[in-house]
Amino acid sequence: MIAALVVTRSWYLVLAAVLFAIGATGVLTRRNPLVMFMSVELMLNAVNLTFVTFSKALNDVGGQLSVFFVLVVAAAEVVVGLGIIVAIMRRRPGATADDISELKG
Amino acid sequence: MSVELVVFVLTAAIILSGAVGVIVAKNPVHSALMLVMTLFGIAVLFIQQDAHFLAAVQVIVYAGAIVVLFLFVIMLLGVDQAEDLRTEPLGSQRPIAAVMITGLLGLLIAALVAHSGAIGVPSLNGALKNGTSDSNIEVLARALFTDGVFAFELTSVLLVIAVVGAVVLSRKPKRAASKASGKAAS
Amino acid sequence: MLSTALLAEAHGAVAFPLLTVLVLLPLVGAIVVAFTPSRRPDNARMVGLLFSVATAALTIYALVNFKAGQGFQFESKHSWISRYGISWHLGIDGISLFMVVLTGILFPIAMVASKPHHDAKPYTAWLLVLQAGVLGAFCSLDLFLFFVCFEIVLVPMYFLIGGWGYANRKYAALKFFIYTMAGSAMMLIGVITTAVLSAAGGKVTFDLVEIATKGNIATVTGRWLFLSFALAFAVKVPLFPLHTWLPDAHTEAPTAGSVILAGVMLKLGTYGFIRFGLYLFPRAAVYFAPALVTLGVIGIIYGAIVATMQKDLKRLVAYSSVAHLGFIVLGTFALTSQGLEGSILQMVNHGVSTGALFILVGMISERRHTREISQLKGLQKSAPIMAGVFTLVMLSSIGVPGLNGFVGEFLILIGSFATRRWYTVVATAGVILAALYLLWAFQRVFHGEPDEANKNFKEMTLAEGLSLAPLLGLIVFMGIYPKPVLDRIEPDVKQLIEHVQNNSNYHQPATSSGEAVAP
Amino acid sequence: MLKLVWLIPALPLFGFLMLVLFGRKMGEPRAGWFASAMCALSFVFGVIVFAGLLDKPAESRHFTQTLFTWLPVGALHVDVGFLVDPLSMTMVLFVTGIGALIHLYSVGYMHGDPKFSKFFIYLNLFVFSMLMLVLGDSMLTTFLGWEGVGTCSYLLISFWFTKDANASAGKKAFVTNRIGDFGFMLAMFLTFSTVGSLQYTEVLEKSSGLTKTTAAAIVVLFFLGACGKSAQMPLFVWLPDAMAGPTPVSALIHAATMVTSGVYLMVRISPIINVASPWVLTLIAIVGAFTALFAATIAVAQTDIKKVLAYSTVSQLGYMFLAIGCKAYVAAIFHMVTHAFFKANMFLGSGSVIHGMHDEQDMRRMGALKKLMPITAITFILGWLAIAGVPPFAGFWSKDEILLNAWEKSPVLWAVGLFTALLTAFYMSRQVFMVFFGKARWGHDAPEDAPEEIKHLHPHESAWTMTTPLVVLAGLSLVGGLINLPFSKDVEFLDKWLEPVLEHSGMRVVGASSGLKVTLAVIAVIVGGVGIAIAYAVYLKGKADPKKIELPILAQGWRYDASLAAFFGGPARKMADFTAFVVDRKGIDGAVNGIAKLAAGGGQQLRKTQSGYVRNYAAYIAFGAVVLLGWFVIRVGL
Amino acid sequence: MNLLAALTDVKIPAPEVQWFALTPMFILIVASFVLMILAVLTPMGQKKSAYALYTCAAAAGSGVVSLVLWFDVKNHGPRTLISGALTLDGFALFFWFLISCAVFVSALLIDDYLRREDLNGCEIYVLMMSAAVGGLVLAAANDLIVLFVGLEVLSIALYVMAAMHAHRPTSQEAAIKYFVLGGFSSAFLLYGIAMTYGGTGSTNLVRIGTVLRDNFSKHPQFIVAGLALMLVGFAFKIAAAPFHAWAPDVYQGSPSPVSGFMASAAKAAAFAGLLRVYVTVFPTLSPDWRPAVWGLAVLTVVVGSFLAIVQTDVKRTLAYSSISHAGFILIGLQANSADGTSGSMFYLLAYTFMVLGSFGCITLIGRTGDDAHSVDDYRGLSKQRPVLAFVFSVFLFAQAGVPLTSGFIAKFGVISAAVKGHSYAVAIVAMLAAVVGAFLYLRIVVMMYVAETEGEARTVETAGRIHMPYGAVVGIGICFVFTLAVGFAPDWALNFARDSAPVLIAIPK
């Protein structure tokens, strides 16, 4: 029975979707901004996985090319994001995402 | 039971447990480590799907650089204290999140799985592999420097921004002030 | 583009672009005023007055050279926003002619009759901008251009109320702006839809005459479109129950603001009903006439009753405007020659007499620093001339024959009686109430033995008298000899009614048109 | 000669304009003289035109003069023009004649008033308006005059505006008249929409084509107008208050001329009345008779010298409408003319008394004035005899004719008229006795409780400018009956004179025998005598306590005015207040502000979503994503 | 030998590059790189306004060349660049010009702001020019991945710019909020791109378009899901409700000129991407996405205007109004017609100058510390600075859509597009929302003109004198002139927008 199981494209895609959802959950529920960033990274990785899966399924190089750029973007984003966090934390050590809510209304 | 299935199931388990670990670990350091686990898992799946170069980059850039950067910042700021995950200060955030995420996931899966055969026109950007070679680095490189050359060059701007941004953001405000006042004094 | 259009006009064989100059002259004046030195406010006022008088002279020139019964005259048409088929299309016929003249005359008077307490320069500049806007609205034969002018007048008025008004001016200015803007919001959609539907897939144009001549808008659609226009006009008029911005705006506005507001700006609404409601959507106008007439009549009675009880003199006059404008709406949608001509005449008359009334009230409140009726008493004793002038204006407003107010009111009523008998009966009852509230107010303000505060009330000065003189002259002249005015209005009204008749199942009663009775 | 007709109104108008411009410079007394001259000249031209009209054969005594077009709109075409015919000329003559006399009187009466010239401005304007009213060749021109006189009446009643009562009286007169005007205007609208014209000539020609109901409606509406102007039930309330004006005004406007314009109007439209359903006539007659009686009962108990005359005027006007209701148009006009003579006479006389008594109007403070004011007393007595119906004074003839016509229509109306005649004789005698006869109640003879100034009062006779008109009018009261003596067709001058105008009016032809006529006349005279006798017994001989007759309810005018005032001051005002401050301010404006508040409230609610928590914002994004994704995915189908 | 063979084998033919066509982009890229070097190596920074003038020159160069190219494209037709990565069409050049203008004006505003706020350095100019490059890419992108990278270039630069005000904690708060949510939404956008890729086989717009045209009925699932997720990403960038929540906080917290830059250039660039992708690539799916955009538009105008009227902070108010404007621009998109697209484009053109002018005024009125933004701080402004008050009023009236300003023509354009598409409901809702929104603009005007010093409230006087630096005056002046000039004679600008329709052109192989 198990032998009959073939790993199809959908398996990868669904895995990616779940990963994406987990990442989104992290953004919605975690208060530590660093963990929120990590969750965003999870989401990006989910997308990367999707790209690669499609790339394989289509026998097309475009998807892998895209992943390459996503990686670069993610790296740059992390640098800037961590920079911002450093700037904030320096002023308010230990602040959570919820603490940073002076602007509202 | 094919090898592929075994690999997929194992990796998927690693990926998902890593991902869940990221969002449930109280300590950000643990989260970062869990993230590494997921990233490795994804690298495995990359290999599984003929993306050897990307798998390497994934490990080097992501696990090697990005996560280290995370850890570095955590240590720098000393924000490694545990977060109390049992309480949620924003009252209805979790139920809402649950509904949203369930919906999102459901719809995504619905879109991805329905008519599972339907997929785009193959090899529009060129085939994944050139000849019989196991690696596709060459194909990827060719694509990168033809079709993707503009985006590739553009990433340079991105990196410049990242550099400038890091410089600006990590500069201590006091310094800027003292510099200005010094200038005014002279 | 406008400048090139003007240039072309200047070089072409076309005669003097009267209306274009008429509309732009006050605008130029406003800019000139804005650049006069602030330290000498009198200079600004003089320059402003000069431009305003020049504009008035141009309107008189138009009046003199107007030829009755030749449709739109002094037309100038140039592409403005070709992208949307919008043109700078101006022209006046008998219907708009007197609105233009009224605007021309009332502005210099309003400028002379009251002086701002501060910042004369911007005050004058805003007044001139306002004049340009109002003239533009009355002259425009392009839906878009009309909307632009209809809407732009809010800005100067907003500043006039807000900047030079009385205690509660902030609220009044905001309310005025938002309320009227809300009204015209739907009109913008109406304007566009009309143009688009009328084009029926062809080249879209906003030209009023072209659209009206085509008359190809489906009946039911036409009704919706009419409603979208009607809402804007009803707010501007204002028609019951959309009137509550008016008392606030009137009361808080400076004298000149009230004069212009009542004198010409409210007419934008009634004029709009005639020019756009009837002309563009004849079928819908006939369809909605009962509803509008009902609102007009309610306004007459309601405005009068509410006016009676007012404690503030300006508020009282404001509510009287609600009643008077109700008459105009009644006359318009009576759809008879007399009713329509009466309405147009009454627009002018109301402008003249209510304008004068506001100037007088302004003089009183300038002297006594209050508009509370209960604070005033026995003013006639020390200011008999002012009382006399007030009496004359009041009688005109009440509608005593021999003065202008009567002529319009009578024509409206006799015209509407033919088609809307019972409405007219109710409206005529409004005539009684008009006498009641004005006389009562007059009695409380001017009669009786003056108390300490009112004892030394200053009599009208010569300058004040002279500024009012043209209005008083008009009050008498238009009451006794309105024929020259009516003669110029008549052919165009006749044409308009024919237009309505040709495009709907409505037919004017023979006794009104005079067709069957002639032999 | 007829073409000079435009001069008749033009002269007073000229006078008005000149006085407006130069009145203050002319000052007293030149302004007065000037105004009087204008009015007198107008009278002269009236006579000339009258002569010109007489010159023509009876059937062509009809002349119109158009000055200019007033309102040309579609089918509506109204000219400012004059209609010269016997009816209008009758009116012109007595308006300008009496007007001139009263102008003259006013020169004396207004002596020393700071607003002397202004008074004459209004007076000239009034004469002009009145002439427009009677001469107008269309309903609208008449209406122009109609409103003009109303306005002048308003201005003159509140002439001494510093007293609040005067100001209120003026306003009341105007507003009440406006109610009448409401009818007048609707009548015009109805006429125009059915006939298509407002010119008298055209309307009256075409009136035969009207349906009964339409005609009835037109007449009733005009009658409403007439009720207002001529102070009939239910709109008479303004006239007694109008006595607040200077006495010459009361004489001219509120006795002789303006208040009779309602009668004139009804006579003018008599051809329409003829077409209308008969109930209209009955209505007019009943209203007239009832007003006559009602006002007479009130007059019995009045103590103000002018109020008595005012109610008497209302009552006499009731007679005239009774006549119209009986289709006795000539009788109405006849009584109008004679009434103008004797009532103007008495008003001016009362003015002279008031003047002599230094502005005292209460009859209870008068008495025994005949010695000190002989001319006033004699002329007043002549007027009294005329109104009391003593033959051969003018009033006897005209009242007799009305009663005769009433008898023919219905004995009940006659009886009411007769009882009114009794009351008339009584209250007028009462007035004469209280003012001129009996004991003095002023000066040294004043009772203890009288005010100080009464105790030091020295009445005196008035100047010649005031007495001359009295004498002339007294003479006319004596001989006024001559214009229409009922003895034979030949001496019924007025009848014959007005015949061309009343051709189509279906006027009542009295069918009674001479015997009946005489019998009725004798009864009337006896009744009048009884009235005088009772008054003599009560007020001179003291046979009965006047309190028994002067019931408080009568003194208060059956509380009619008071209840109206209570209504308008009470519930009506409260309702208006409610409309203005609750419905408008709180309801409609409240709704407007409510919408604004609602928008702001909505904003405030929405504002809570903007919590400042980044995780909330992320949830919104997730929400949006779910909705968008849901829309697309579900739309395409799973 | 093998190696040699491999080497010859690996020779990659470089794609043809039309250098002139890329000049505007190069000017900005090079200018930003060179500025960093100059700032370090030369004493440029000690000269007043040198950085700003330098940036202005670069922006002007880029703008002028864009215009020249625009005419070239108009005459010789559009083309693709660098093997189909970019499309050089009127649409792209329209936005290139627009963004260059925004950079120009923003630089003028920033100049004195930095000195006033004690924030020296060239970085903000470098970042702004880099962000502008991202914007240019976004507007011209012919490939979803290029588009994504361009968007990230723009966004990441903006994250840093938002945090630039070192002395205000709210500046950093704005940055982190923007960053977290920006990353979150980027993930959605990227997922959408991945889905589209899966559904069509390419990320290139032309190829996607071709695939959809040829056999679109076969596999819509991935594509529509991609469409939805991309819409999330774009809607976030343009601040459409319910993805708008970041905008008020970020606009309020960021340095005022940066807020202006975000509301103008960044919004225009994001809209450029959105318009191009949806209008040119997915017209066949318009029955699916039009209602979605419709809903977004309605929700956005309503939320924007209703939330705006309850604000007390002028900067925040303008942020909400910016949201509302985004709704209006979406109305043009939902019409899915040439009129609608050009209407939206014109709206962006008009709005860019209005909003830059407004934020320029706010920058000046904010005074040292950049925190005098409460409506109370505007009390009696007309007394102290009558011209500034007047100019600001004109911007506010323009945003309210009062005729004879560019704002009115802009509203007219999108509403008429909606009407032509028979979308009456959205037109009505939008107009009503505009009325509600008018209140907020008027309230500010009221404060400046009407309200005199009353009682204890803060006033212009108590908050200190407003300085009017030369640069900012020029910048605001440009916006002012543009706003009125286009209001009076809009034809050229309308034609500019109309002739700049986005096109899909085949990649020359």
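Going by the order they are written in, the chains are A, B, C, D and E; count residues from 1 in each one.
Convention: contacts are C-beta pairs under 8 Å (C-beta built on N, C-alpha and C of every residue); 3 or more make two chains touch, one makes a residue touch a chain.
No experiment lies behind these values; they were computed from the predicted model shown.
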Partner chains shared by chain A and chain D (touch criterion as defined above): B, E
Farthest chain (mean CA position) relative to chain B: D
Selected interface, B-D versus C-E, where C-beta contact pairs are more numerous: C-E
Most distant chain from chain E, judged by the mean position of its C-alpha atoms: D
By mean Cα position, the chain sitting nearest the middle: C
Separation of mean Cα positions, chain E and chain B [Å, integer]: 28
Chain D and chain E, separation of their C-alpha mean positions in angstrom: 78
Geometric centre distance via CA averages, chain D-chain C, whole Å: 37
Multi-partner residues of chain C (each touching 2 or more other chains): 178
Residues of chain E engaged with two or more neighbouring chains: 145, 149, 152, 156, 159-160, 163, 176-177, 180, 184, 195, 197-198, 201-202, 204, 220-221, 224-225, 248-249, 439
Per-residue multi-chain contacts in chain B, two or more chains: 90, 93, 96-97, 100-101, 104, 107-108, 111-112, 114, 119-125, 147-148, 151, 155, 158, 161-162, 165, 168-169
Which pairs of chains touch, using the document's own definition: A-B, A-D, A-E, B-D, B-E, C-D, C-E, D-E
Partner chain E, residues of chain A touching it in the complex: 13, 20, 23-24, 27, 33, 36-37, 40, 43-44, 46-47, 50-51, 53-54, 57-58, 60, 62-63, 65-66, 69-70, 72-73, 76-77, 80-81, 83-85, 87-88, 91-92, 97, 100-105
Residue numbers on chain E that touch chain A, as the complex places them: 145, 148-149, 152, 156, 159-160, 163, 169-170, 172-177, 179-180, 183-184, 186-187, 190-191, 193-195, 197-198, 201-204, 248-249, 252-253, 311, 316
Interfacial residue positions of chain E with respect to chain D in the complex: 176-177, 180-181, 184-185, 188, 220-221, 224-225, 227-229, 231-232, 235-236, 242-243, 245-246, 248-249, 288-289, 291-292, 295, 303, 306-310, 436, 439
Complex contact set, residues of chain B against chain E: 107-108, 111-112, 114-115, 118-125, 138, 141-142, 145-151, 154-155, 157-158, 160-162, 164-165, 167-169, 171, 173, 176-177, 179-180, 183
Of all residues in chain E, those that touch chain B in their complex: 10, 12-15, 29, 32-33, 36, 46, 81-86, 118-121, 123, 126-127, 130-131, 133-134, 137, 143, 145-146, 149-150, 152-153, 156-157, 159-160, 163-164, 166-167, 195, 197-202, 204, 207, 211, 218-222, 224-225
